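I've put the structures underneath this note.
Shared between the two complexes below is chain A, which has chain B as its partner in the first and chain C in the second.
And then the complex of A and B:
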């Protein structure tokens, strides 16, 4: 929401304060953040009960995949933020180009994840192998589901940017807020599954 | 896009990517078997928290949002990080890792 008067928050320190996108999406983001936090906390408790098993299992993962996926999602988030800026400045063609690049990054993320899973399953590492892999497949699958839902958000953003009559900056920002949430949830998953010791 | 905001977003992205590579290096086994390590875990979780906050403040533009929204996101992140680290320390993982 770029209209500060609509938020009732006015100006602070000479700068206009506003909630980017629809406040309802922020409520959803906080709800999702709490749901994922509960998964992370349960994971940490279970990890503490058998740290050797979790560490030995973690060693079977390829951190290069985790890093690549993190870099791809960070790149997509940066492009999405640039899309919002371009759209705000009414450079809709530029913004549209950025959303397409975000979608390509999303597809690359999903492709890398599927390839990583297939490689691990080929090595006999399944959901039922042990508790670490149950968490690993559950967390990464539920996150990938959020990425797929993110494609719907990207589709909405494309529709908005291509429709001169019904264009809404607020909806573009709302779609971006969702996409960034997918990014920051992965950042925590990467730390907990791939690199902590 | 104004050059100022474009530059700021670019710097945020570079910082996020650099932290990702740094946490990979910190957490890697450097050719040896993975060993439990409380310092590595603390570093990695703290770096992840920094990254999440940069994404929320810069990319999600929470830095332009009313103070209440920033307080809520900061409170969530602080609570999550403290909970994860306390659980780690209280579990056998933390005790054995020293």
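And then the complex of A and C:
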């Protein structure tokens, strides 16, 4: 929930609390969280049936790539939050700069992920190598797909920030909500695939 | 029968037959309601046939050998022929579904190209996603004495058509998604636009079914089939309910639709027929 200066009825103690962005996007985030949770539960069940294979396969992944990707996305989320704040303060040029940096982080994430995949495939670790790698490529690919959709959201945010006549703070916050969801999902995927022993 | 002086339309009679006749003659939304009921009828019968009669859903095992596949065809011989006979009879109802969804896009503040693209794509997608599956499995069931290797070939083809050709649906879903998100007439709530993203992603999730013959990514696996199907069922129920609400709110104008489209429940004062 976000605090803002009271402008009308419903103000409590001079402040009103509201959900940032469209509530519709929050409904989507919850539904996506539900779908991904079901993937994670299936992963955990399959992992429990053959823990040795999953542990041995996990050791073939590069933690450096996982950590780098996580840091890049966390940085992008922080920049996105700063963008929303700048936009609320009507510092649209600053906000625009932050969105561009978020997009650069997104591109860096995608580039790192593609490079990591090509390296692993070069080592003979394919989608059908074993069950762990099936999950690894599946979860990271579906997540990367969300990152690609996130570039559309960033494009919408750029359009909003550059259009004085049709500018909407709500839409900028909606785009930010989507991007934070992408980050949030990655943190769980990172923990499950790279960290959990 | 008394006559409404304001519109020159007789008041709606209270008896069921009188009401039907009244709607048939005077309800401007009669065609929309017929399309909606055709859609509900189609999806219900589709479920009964594919789950209860033909046992195509949930799909049987992809790793079965020739003998097991031939046994499956023998076991469900009558169900396959009767069930797909029904599908061949009602498959034309997809036109009503596509027309109503295209109508929703025509009611939006977006280009007509969206509605035309949707109709074209979804008319095409019915062929691999439903008809080809029905034809191939009917062919398999028609002569159970056929060479088991040929029967197995038909089995693979049918289930890969049914589960693995989702890409054609992807672009159709994308068209509807964009139309809803850029629409200013509030025909559908934005959350349904975002729900289209979930449905679109299921088309990617099913792709590993082309690689695996067992496990969670196979054509009857937990991820490629069950979770995808759960998302599709939620999506389908949502759009059927929202299309109903759209018809209730329809004022045949070209501006924003009256009433609140965000809730899945009826808005007060917008019950069926209340606009008459």
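Throughout what follows, the second predicted complex is superposed on the first by the 182 of 197 C-alpha atoms of A that agree within 3 Å, B and C clash if a C-alpha of one lies under 4 Å from a C-alpha of the other, contacts with A are read in each partner's own complex, and residues count from 1 in each chain.
Note that a contact is a pair of C-beta atoms (placed from the backbone, for glycine too) under 8 Å apart; a residue touches a chain by one contact, two chains touch by 3 or more.
What you see is a predicted model, and the numbers here were worked out from it, not measured in a lab.
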{"item": "Touched partner set for A:131, first chain B, second chain C, both or neither", "value": "second"}
{"item": "Partner chain in contact with A:86 - chain B first, chain C second, else both or neither", "value": "first"}
{"item": "Which of chain B and chain C A:58 touches, first, second, both or neither", "value": "first"}
{"item": "Partner chain in contact with A:111 - chain B first, chain C second, else both or neither", "value": "neither"}
{"item": "Contacts of A:155 with chain B and chain C, given as first, second, both or neither", "value": "neither"}
{"item": "Chain B versus chain C as contact partner of A:22, first or second or both or neither", "value": "second"}
{"item": "Partner chain in contact with A:78 - chain B first, chain C second, else both or neither", "value": "first"}
{"item": "Contacts of A:44 with chain B and chain C, given as first, second, both or neither", "value": "first"}
{"item": "Per-residue contact with chain A, leading partner among chain C and chain B", "value": "B"}
{"item": "Contacts of A:187 with chain B and chain C, given as first, second, both or neither", "value": "first"}
{"item": "Chain A residues contacted in one complex by chain B, in the other by chain C", "value": "none"}
{"item": "Parts of chain B lying in touch with chain A, wherever the complex brings them together", "value": "1-2, 5-6, 9-10, 12-13, 16-17, 20-21, 23-24, 26-29, 33-37, 40-41, 44-45, 47-48, 51-52, 55-56, 58-62, 64-67, 69, 72-73, 76, 79-80, 83-84, 87-88, 90-94, 96-97"}
{"item": "Residues of chain C that touch chain A when the two form their complex", "value": "189-191, 193-195, 197-198, 201, 204-205, 208, 211-212, 215-217, 222-223, 227, 230-231, 234, 262"}
{"item": "Complex contacts: residues of chain A adjacent to chain B", "value": "7, 9, 12, 15-20, 26, 30, 33-34, 37, 40-41, 44-45, 47-49, 51, 55-56, 58-59, 63, 66-67, 70-71, 74-75, 77-78, 80-82, 84-86, 89, 91, 94, 173, 176-177, 180-181, 183-184, 187-188, 190-192, 194-197"}
{"item": "Chain A residues touching chain C - in the complex, by the definition given at the top", "value": "22-25, 27-28, 31-32, 35, 38-39, 42, 46, 127-128, 131, 134, 138, 141-142, 145-146, 149"}
